[in-house]
Amino acid sequence: MLVVMQAHATEEQIRAVCQKIEVMGYRPHAMPGATRTAIGVTGNQGEVEQGTLGEMPGVQEVIRVSKLYKLVSRDVKEENTVLRFAGTDATIGGKNLAVIAGPCAIENRDQAFAVAERVARAGAQFFRGGAYKPRTSPYTFQGLGEAGLRIMAEIRERFGLKIITEAIDNESLALVAEYADVIQIGARNMQNFSLLKRAGRAKKPVMVKRGMSATLEEFLMAAEYVMSEGNYQVILCERGVRTFADHTRNTLDLSIVPAVQRLSHLPIVVDPSHGTGKRNKVTPMSRAAVAVGADGLIVEVHNQPDKALSDGAQSLYPEQFEELMVQVRQIAAVVGREVVPIGAEAVSEPARAR
Amino acid sequence: MLVVMQAHATEEQIRAVCQKIEVMGYRPHAMPGATRTAIGVTGNQGEVEQGTLGEMPGVQEVIRVSKLYKLVSRDVKEENTVLRFAGTDATIGGKNLAVIAGPCAIENRDQAFAVAERVARAGAQFFRGGAYKPRTSPYTFQGLGEAGLRIMAEIRERFGLKIITEAIDNESLALVAEYADVIQIGARNMQNFSLLKRAGRAKKPVMVKRGMSATLEEFLMAAEYVMSEGNYQVILCERGVRTFADHTRNTLDLSIVPAVQRLSHLPIVVDPSHGTGKRNKVTPMSRAAVAVGADGLIVEVHNQPDKALSDGAQSLYPEQFEELMVQVRQIAAVVGREVVPIGAEAVSEPARAR
Amino acid sequence: MLVVMQAHATEEQIRAVCQKIEVMGYRPHAMPGATRTAIGVTGNQGEVEQGTLGEMPGVQEVIRVSKLYKLVSRDVKEENTVLRFAGTDATIGGKNLAVIAGPCAIENRDQAFAVAERVARAGAQFFRGGAYKPRTSPYTFQGLGEAGLRIMAEIRERFGLKIITEAIDNESLALVAEYADVIQIGARNMQNFSLLKRAGRAKKPVMVKRGMSATLEEFLMAAEYVMSEGNYQVILCERGVRTFADHTRNTLDLSIVPAVQRLSHLPIVVDPSHGTGKRNKVTPMSRAAVAVGADGLIVEVHNQPDKALSDGAQSLYPEQFEELMVQVRQIAAVVGREVVPIGAEAVSEPARAR
Amino acid sequence: MLVVMQAHATEEQIRAVCQKIEVMGYRPHAMPGATRTAIGVTGNQGEVEQGTLGEMPGVQEVIRVSKLYKLVSRDVKEENTVLRFAGTDATIGGKNLAVIAGPCAIENRDQAFAVAERVARAGAQFFRGGAYKPRTSPYTFQGLGEAGLRIMAEIRERFGLKIITEAIDNESLALVAEYADVIQIGARNMQNFSLLKRAGRAKKPVMVKRGMSATLEEFLMAAEYVMSEGNYQVILCERGVRTFADHTRNTLDLSIVPAVQRLSHLPIVVDPSHGTGKRNKVTPMSRAAVAVGADGLIVEVHNQPDKALSDGAQSLYPEQFEELMVQVRQIAAVVGREVVPIGAEAVSEPARAR
């Protein structure tokens, strides 16, 4: 259910409606828009009763929402959700094309810094790197854990890059929420509803990657799980789905970008690295992702891909990433986007300090 | 790596080899077979060094295992793993065809008891029922939680049925391990490696359901995760994969049964309910699953499918389950299996007590 | 549209209705059933007008059929279609389990005879063998063409086996229709509508194999194409679909068997050889196919699989086929089927003549 | 096998080598490149013997090609194949971005002319329209046949647009080859090898659409079939593959574009209309297709989509196509492509004549 407030409704009226909803046993989700605030109402289960909400001061109308997804929907919030990050003009979901880059896994401080410096210089605003790696085999490198998180926190200090990294369970989520700027939920956990709910109670934005065989609806519902707990800072990420096709590791489904944007106000970025699994496909598919209208890219870059502890075959060399950025900026311009640099101080200062 | 002990190796020699392996920094997994014991060696990461293991008393040979999966492999254990359950002759993986039946979700005591009585009478030895339900929407019935587990524990007492139920996170896993006889890891969590490891430290058998787009290798590796933590009581479960086909909810891939049995000593059961999503396909696909050689069936049965809180469309009516059992017993006989009844006392006594 | 005749309608009345339908510009398809005849009405395109058909003598009712498939539907013909073959009691679609066996391709007379003798002795009633092979590469063996058909005609004479072989275009179809007992349309041509129509004008039964990514509806519509031209002797064949799964060449979708049988009166057989692509999966999946209720099996057998010119890896050795038949007969008995031998004379006489 | 001629080899030497190859019982395929000519050698089946070819005048080396695809491969021809069309500068495979547009089916002269005028004015150089429609149901509109071809021939006269239309069997292929500029082989016939060979003997370029579940290798082999018969003017077309995803009708797999371009010299175009099945996805996916590097687009446009006899839901309104062209031109510029207009006379003259 959705309570649409009048354009001139006061903060107090909004608060009163929210309180009334809570008294009724439901949960209010106030979503301020450009012209009016809408309040999504979710209950523990099933139907929500309207009661006398429609007659409260400031309420314009009460709408029954029949779709499975509610808070992710444009019905609740018409304008795009734009995520902002302190100390930088870079956004996710706004005019800025969010560029997230870094190695698959944080292997050690030198490797991470080497990659971070190159991607920051080339124009990335966000740094990715796995500290907790969900690996198919229990006998392969599982990530540095908190030590990896600490390295990334240093990278933020040094290069001004905002940090995105994956949480794989409650313990790692608590730590990621502490160290990072965005909590990533990986494709294999897209329907780990327990983890999604926990992410919904975290205070940091959450990026949900599409599961390998997730439908559009399931993808949106994963975001809904996060939002239903009160965390509205959600980013979706297409990273390829599993099909019969064998020329790429996954089949990157770019059509989900306009499909998501039609139904939801949430930003969606594209991961051409996992989406193809092949270095030589990353740049063309990055161009395509920007052209289709994605809100950003998340790209794997490694200073020595051949020695990478994971996913080396899909990691770009730093020079390739620089070339990718050149091409991507041009396409971005055509679709009305630009790559907003991170604060000049942030980048140059450490460079001087060096 | 795999240390094969001589046929006449003593317990002491086996223990000594295991200790040596631990001293070397690895983890030993002793797997007794019909004629000899093999000790699987796993390390935290990557290669394992052989050292002087080959020269220890009782050691026949040391074999390098190149496959990704080690402990699940027939290389380590040639004979089928047979799971036994106290107080009953029913096994999983032996001559007995394991029949697991029950509602999708435990809704209340009456419903659960009504279904349990019917399936026990028809020949099921295991009772399934969800207390923690992984649901696509956060706004739908999520299960009764511990109250559901308690109802199932009562059902075990009353009907002698062994209990299988799903754990969805660490908290629920601890409770499921306490109340149930088999811990189920659902398809959506097949690559929730954190949960798999936790299940590997539990003291109860674990049933791992195949992910919706899991390859054979990924499926086996999920079991490997559980085993790598020391829990060797693992059952695999095929429950249908996601394809373009739309006449069933999932595409039940029965060919994985002989494929698993060729590579692994672990038992594999089939879930025709989720595997088809349609009541009228459950019985024919159950017959097919037994004919192909599955070690068991897990079937949804509900006393009032039309009023079920989840998955009613794929739940059998109790009479249909009885008819299924008649057909399945006949096919089982052809492939050298039988349905071993749970202890007569177990069923009849509580019935009297009623 | 469907004109249902009264139970006691005379031949003459049926003929009159058919003529009336033709006069109206449509095409009548009289389908005699156990108790009554139904007449399917198809037009060139779109809607069919009912006119005064409902008032003609012998007409019980006129039904508008909204499904895409009409003639394949149980709406038009409730009873199973049973195909009979002169000189043998073997049927396809009746109580008999149709067993079709033979090499992927006819390579030469000796090979074909060697295989035919073994499969006939083991209980096959139908012989398969490709004379026209649709191969992915233009540079690989494309079949013996008419010479292959002649060898198969000899095999029919000698062993009493009925012949099933693939037609790949109009030219080969004309020849196949002349030499063989059943015309096979391969998976790659399942939507070669021009060829399907041509098969619909042939005087021999047609077996349509499911396309690699065909839905149930598309599969039935392929049969509808054949029937719409007046050939009602159609057999469907499941041969595996293409999915992400890599432990088999294709994913054999046995659930399509009950799905087809629910909607259509046409028989459906299963090809576990193409359906799995692996010799060691053929026997278990054959058992499963019979258990699920298939009307028959089509199995590749080769006397020297390692030297086969095509698909050797999925061909059974003759001894394996004999063992398969032993197992399959037992499963068949459970589901109320039997393997009807081809006429004793047919097999023994040529044997004597030898 | 591949015979690489020396850079200065004469026409006569090339001819001599070709003759020698024929004498040896094989088929020569001379492929002139920028610096040298390579001669692909194909035989009826299997291995090709080298003989004394390596010692003939003008021969630089003889290379054994182990890949399945030979003539489509960059091994045989390093430079991109560029198709040219008389009376226009528009090419397929060159700097020009080929824009092919028109209705799904030619319904009548007025509809076809109305669409053609609009797409020509907006910048399309090629006109598409089905005269022979492969339809899932035998009871739906199957196309105007030769009458449709005649209308398209008029459109070529009137607007200067080159004509691309589908052939579905030998009969229609002969007619299409007569009337059209490019013969289209549809997705459902991608492995109709008989039709591919026939197209290989036609004198017009052939566009092969990717089958719904075709791998990269199978896609290239379909083109190889055409080329093996001597027709080297082949265009590939990605049109979406079949997956579990349900937010689009097919999943448009743009990664196949760089994958094809890496292995083959043949041009590849993208069909976002069939590739998505939804009007609102066509423009974003067209931008993406151009950005990824496709050699062209094939787009469905209809003057009255809601009244279209087929595929109306995926057809653009003419104004939408104009807008698409504006966006596509900009993206094209970024990737070094341009949209070359058809001869000014061609467009303007008929306009005046009107």
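In order of appearance the chains are A, B, C and D, and numbering begins at 1 in each one.
The criterion applied here is as follows: contacts are C-beta pairs under 8 Å (C-beta built on N, C-alpha and C of every residue); 3 or more make two chains touch, one makes a residue touch a chain.
Computed from a predicted model, the values in this text were never measured in an experiment.
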{"item": "Partner chains shared by chain B and chain D (touch criterion as defined above)", "value": "A, C"}
{"item": "Of all other chains, the one whose Cα centre sits farthest from chain C", "value": "A"}
{"item": "C-D against A-C, pair bridged by the larger set of C-beta contacts", "value": "C-D"}
{"item": "Between chain C and chain D, centroid-to-centroid distance (C-alpha), Å", "value": "36"}
{"item": "Interchain centroid distance [CA atoms averaged], chain B/chain C, Å", "value": "39"}
{"item": "Centre distance in Å when chain A and chain C are each reduced to the mean of their C-alpha atoms", "value": "52"}
{"item": "For chain C, residues contacting two or more additional chains", "value": "213, 241-244"}
{"item": "For the chain B and chain A complex, residues of the former touching the latter", "value": "42-46, 68, 70, 134-142, 168-170, 172, 188-189, 191-195, 197, 212-213, 217-218, 221, 224-225, 228, 242"}
{"item": "Chain C-facing residues of chain B, complex", "value": "213, 215-216, 241, 243-248, 251-259, 262, 275-276, 280-281, 284-285, 287-293, 327, 330-331, 334-335"}
{"item": "Chain D contact footprint on chain B (complex, rising order)", "value": "242-244"}
